[in-house]
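Common to both upcoming complexes is subunit A, partnered first by subunit B, then by subunit C.
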Partner chain A sequence: MGKFIQILVSTVTVGSVLALVALGYNLVFSTTRIVNFAQGTMLVIAGYMAYAMTRQGLPIWLAFILTVIGSAIIGMLIELIAIRPLGRFDPATNVGWILTTFSVGLIAVDVIGIVIDAQPHALPNLAGSVFGWKASIVAGVPITLTDIIIVVSAVLLMFLIEVLQNRTMAGRAFRAVAQDRQTASLMGINTTRTVMATFALAGALAAVGAVLLAPKLFVKLENGDLLGIQAFIAAVLGGLGSTRGAVVGGFAIALTSAVVKTVSAGAGRYEPLVIFALFLAVLVVRPTGIFGTPYVEKV
Partner chain B sequence: MAQSGSEVAAGHDLATPGTPMAPPAARRFAPGGLVRFIPVVVLIVFALWFGSSQAQNRAWLPLGIEFFYIAAAALGVNILLGYTGLLSLGHFGFFVAGGYAGAIFTPYILGGILGVNAPWFGFIVAFAFGALLGTLLALMCCHLRGFYLTVVTLAFGTLIPAIITVASAQLGGAGGRSVDKFPDTTNFLLARGNALAGIYYVAVIFLFATIFIVWNLTRSRWGRAFMAIRESELAARSSGVNTYWYKVASFALSAGIVAVAGWIGALRYLSVSAGSAGNVSTQSFRYLVIIVLGGIGTIAGPVVGAIGITFGFGLRWVQEHFREYNGLLFGALGIIGVATAPEGLVGNMRKAVRDFQRKQVQKGRARVRSVVVPDLPAELTLPRSRSLGSDDTPMLEVTGLTKRFGGLSALSELDISVKRGTVHALIGPNGSGKSTFVNVITGIYEPTAGRITVNGEIVNDLSTHKRNALGIARTFQNLQVWRRMSILENVMVGAHSRSKGSLLRSISGLNWVEERRIRNKAWGMLQFVGLAEKGLAEASTLPFADQRRLEIARALASDPSLLLLDEPAAGLHPTEIHELVALIRRVRDAGITVLLIEHHMDLVMGLSDTVSVIDYGIKIAEGSPEEVRHDRRVIEAYLGTDEHV
Partner chain C sequence: MSDSILEVRDLKVYYGAARALNGISFNVNEGEVVTIIGGNGAGKSTTLKTVSGVSELLKTVEGEITFLGKRIEHKAAHVIARMGMAHVPEGRRVFSQSTVEENLLLGGYTRPDRRSLQASIDEVYDRFPVLRERRNQSAGYLSGGEQQMLAMGRGLMARPQFLLLDEPSLGLAPLLVAEVFEIIRTLAKEGTTILLVEQLANLALDVADRAYVLETGTIAAEGTAADIAVDPKVRAAYLGA
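And now, the complex of A and B:
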């Protein structure tokens, strides 16, 4: 029972986090049909930004708000540096964007090292500082307020994004730009601004994820690779662009790794292997993910 | 060209009266003759000079070693990225794998099994292991498109450190494994007792071997097939290339080369390690930066890029300021490179030279280089279509052919029989299912029901490339010319089904007799459609109408029995249509059955022996052009109430 609860808690919290980060990939993909390979790094940037502010003595809640804004600006900067210069291109055949987004990620990590430092840091607990509740033990498994806040805010954010994309004019503009940028711009949509908006949103989302995660994973440079790749796998598993997919993909990976880790103490090192195998299996059977639209060849 | 031939002054528009704006012909991709070997000679001289002058230099000699094996690795990655168009972000995984394979298996196999001392065996082991691993990865991801494939390679790369952690007992864990048994290089070539200098010469030879391989590859049927996949996979499949396996082969070759580089790297450091997951993707990314900065899809590009990245990073100033910040440098170079010179240093330089030459020619200051076209009869007799069945057997027969997309029936219960040696037209209004028909016949789509027989043989279960080998060739309504290949190369790939040569023969240059045959055949096809004078120009420079001719030449190069022309007249003006009609007649006179999918009434009526009319996927009429023209249902379907056709 204890193991079961442990797996459950771990799956729900880690799964929500992965889904949250995966949503960042989805947002950018939803307007541009590209994958922002700097998404993981955005998480790191936001984390260090929040750390730098708290180091200056700002209370965590204020640092959090400022980080969300700052990270949105970073998102727009990334669009400006990595996507805008490429001009109009077909993301399916032109791979320049993979290079540029990946480059931005590499640059950012080093810049953090120069401007702040390359050490791991702890952040004050946002949830704890606002609500002030430590932990409860359920069937021998500690559940903290942080866990609950992570899950609740992930669900809330996903709900908001779903509403934004499907029920608002801005969301319709996102989808129109994704389908056909030229036609969208003929219909009076400011495509440049729309694309930028999704990058800003993705940045803000990364900030939320980074601050919420800090009590569990700290603020460190490796998080970019770790979470970035795992969340990306989650997004692809579920089907890029699908919010439902992000959740299912995130939970699938979290469940897999929780099970592997719980099986035995030494099995943890097999975790990446198992996740990779799961990932490959899905890609081989269904390349566009569980909820993605299957690719139809146009002749 | 290897044999004698007549010189045709390029620039004259002999064959294509309908195209007054034809680009200057004979725009070669690289300078011809011995000039193109100058860079290789320069590189050899540099390698020898550097080796002898820096042999004792502890700072520069290792950089030299690194340059030669990194350049070779980048060339290997470029086979996949530049020629085949597949982007891998996990190739450093092969580099690491090559090092481990060499370090572990070489002593084991040599000492334990064979009991001999042949240190060079390590290179074979590294290559074989890398190629094997590459094949395994490719088998899992080559059915994926675009960045989905890239994602799998990225995941593969991050998996390597994970495997090393799992198998830390054998692989030495995250800290790496030392290479204790390595080839004795102290007296290799000009090393004069200096083991490091020996490794330097090993790396030099490896780079030249790789250049030799890639050079041969790009001038072989394999390399051309790779490029065709890059430019349009659909057209490559339709031209008889088994694209899945060719992608796997490209993966394996490129992985093998990178693995050998990894083994040399292991020799140089006497240890192998993968570092973190992030390190694997960063290092893999480094190859891409090298390729993109130097020039993607060229041989000189990756070498030039590697010079910049290795020696540039070896400079004291860079070492002092950026030692810890490789990511910053690579990232900045990557972005600047993609934004300012998308074709890389070499690519953009070539473009500049070409533009300069063209301007000089326009100003009358220079002569256009002539193209030597082999002596061939002006009117070529195409090989008679191979008679597999008797003359009574229809060339193509479909019965009960049905294709549904979801609930929508694009074709329903279609029965069509195409007689041997005729021009059979398939007409119908927009959206009537004509193009679907072509795609089902060629195996792009699988039919929901029905039987397709070609020359008496049921082809339902054959894949697209096999149907091409069987004698079905096609052109595309939306042109699928391989734009960044020469016109001649386009047609040479067209002959893929009718040519031979293994990958091994191709990369070693031993397939030259066959290559010459393919080339001459392609020249013949170009002569036949009237494009020979432009043969060496890049296909993208051709005007629209000529691209249609090129597609026909490419299709003819596979010696088809049945030629499917999918709306060949779309977008052509009347003069060009007139020429097209004449060309199709000549094709039929050569004994090839033509199935003409058309919209254009003039073309169909003047040319066809039989006309089938379909509407909403159902055949509504069939007969001679005259009969069909007066069919009431046809007039209704086609023109509504109008009586005029």
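And now, the complex of A and C:
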């Protein structure tokens, strides 16, 4: 029973955050047809940004807000530095973006290592600082307010993004740009700004994920590879571009890794192996992911 | 010319080293329907796309395009759209994963009075009743004719001062082509200023006031639509007579 609860808690919390970060991949992919491989790095940047601010004595809630804003700006910078110079390119044939997004990610991680430091850090607990509640014990497993906040805020954010996309003019414009950038510009939509806004949103989502997960996974440089790649797998597994897919993919990855870790203490080293096996198995059966629709060129 | 909506002077566009447009000049006055006719690859679509700012060749543009008294040849498409030009592109280009109504809303994206969008949508539905029945369907599920109506309705949502129509008959059954041109005729009667590009020259000349004949990037003839329609060379080349 205890193990079951433990798996459940871990799946729901880590899964929610993976879904948030996967949504960042989705947003950028929708409007640009590229995968922003610096997305994982944005998590790291956001984590260290929050750490640096709390080290200066800022309360965690303020550091959190500033980090979300700062990370949105970083997202826009990545678009400016790694994507825009490539011009109006066809992402299917011009694959320069793979290198540029990877490069800014790697460079940013090194810069953090030099400017701040390369050590793992704990962040003050955001949930505890606001509500002052520690934990309830269910069947021997502590369920903290952090866990609940993680899930609630992730779900709320995703719900909000869905509503924005479907019910507001900005959301309709975003989907128009995602479908046909040229025709969207004929509607009077500033497509350049729309693309930039999706990078900002992806950055903000990464910041929320980084700070929420810090009490569980710390702030460390490896998180970029770890969470970034897991979230990428979650996005592709669920179907790149689909919000439902990001959620299901995030939970599937989190469940898999929680089960593997719980089975035995030493089994943690098989975690990547099992995740990638699951990933391959799903893609063999459904090449576009669980909720993905085949990308059909319009006639 | 005081009532000139669009003034194009010596427009040149390059496709690599080759010229897609060899310095063409034409103009459209307020309330006029002007058509550009010509064969495949004559440069008709390139002309419209250059005017509305979506051409991939925009960086190579030489010459002047003046819209409502302002030079626009190097302006971005969304800026030109906000100035009051609506371009209904070749091949409809509806947002296929968005609903019919969302497409229409997007057509009104530039309008400052967003509260009155619903009234305009109702006007479009009155003009194209079939769209009302399908308002909540994804535009991708519409037939070709319905998509053309949607594309035109979307263009009208902006309440444009100038409407560009690129090959509205393309891929439509003859009955639907007639219907589409009936709508263009109605718009013309209401005083809409239209630049129409069309391969079906006889239909285009029938609704237009004036016409330009485009041949491999050069204007080969121009005049009133009635004169062009009886021009022996035009008749031989484009009207099958």
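Assume the second predicted complex is superposed on the first by the 294 of 299 C-alpha atoms of A that agree within 3 Å, B and C clash if a C-alpha of one lies under 4 Å from a C-alpha of the other, contacts with A are read in each partner's own complex, and residues count from 1 in each chain.
In this text, contacts are C-beta pairs under 8 Å (C-beta built on N, C-alpha and C of every residue); 3 or more make two chains touch, one makes a residue touch a chain.
Note that this is a predicted model, so its numbers are computed, not measured.
K.L.:
First (subunit B), second (subunit C), both or neither: which does A:A82 touch?
P.N.:
A:A82 contacts subunit B only, not subunit C.
K.L.:
In the overlay, answer first, second, both or neither for which of subunit B and subunit C A:A176 touches.
P.N.:
second
K.L.:
With both complexes superposed on chain A, which partner does A:L106 reach: first (subunit B), second (subunit C), both or neither?
P.N.:
Touch partner of A:L106: subunit B, not subunit C.
K.L.:
Looking at A:V35 after the superposition, I want to know if it touches subunit B, subunit C, both of them or none. Which is it: first, second, both, neither?
P.N.:
In the superposition, A:V35 contacts subunit B only.
K.L.:
Which partner chains sit in contact with A:I189 here, subunit B, subunit C, both or neither? Use first/second/both/neither.
P.N.:
Touch partner of A:I189: subunit C, not subunit B.
K.L.:
Have a look at where A:R269 lands relative to subunit B and subunit C in the superposition and call it first, second, both or neither.
P.N.:
First partner only, subunit B.
K.L.:
Is A:I229 touching anything from subunit B or subunit C once the two structures are fitted on A? First, second, both or neither.
P.N.:
first
K.L.:
Of subunit B and subunit C, which one touches more residues of subunit A?
P.N.:
Of subunit B and subunit C, the partner in contact with more residues of subunit A is B.
K.L.:
Is A:V284 touching the first partner subunit B, the second partner subunit C, both, or neither of them?
P.N.:
After superposition on chain A, A:V284 lies in contact with subunit B alone.
K.L.:
Which subunit A residues contact subunit B in one complex and subunit C in the other?
P.N.:
Correct list for subunit A: 299.
K.L.:
Which part of subunit A faces subunit C closely enough to touch in the complex?
P.N.:
88, 169, 172-173, 175-176, 179-180, 182-191, 298-299
K.L.:
Help me check something: in the complex, which residues belonging to subunit A touch subunit B?
P.N.:
Touch list, subunit A to subunit B: 34-35, 81-82, 85-86, 91-93, 95-96, 98-100, 102-107, 109-111, 113-114, 222, 224-226, 229, 232-233, 236, 269-273, 276, 279-280, 283-284, 287-288, 295, 297, 299.
K.L.:
Show which residues of subunit B lie in contact with subunit A when the two form their complex.
P.N.:
Counting only subunit B, the residues touching subunit A are 81, 85, 87, 89, 140-141, 143-148, 150-152, 154-156, 158-159, 162-163, 165-166, 234, 276-278, 281-282, 285, 288-289, 292, 324-328, 330-335, 337-339, 342, 435, 439, 444, 476, 478.
K.L.:
Note which residues of subunit C are touching subunit A in the complex, please.
P.N.:
My answer: residues 52-54, 56, 76-78, 81-82, 86-87, 89, 91, 93, 95-98, 102, 105-107, 109-110, 114, 154, 158.
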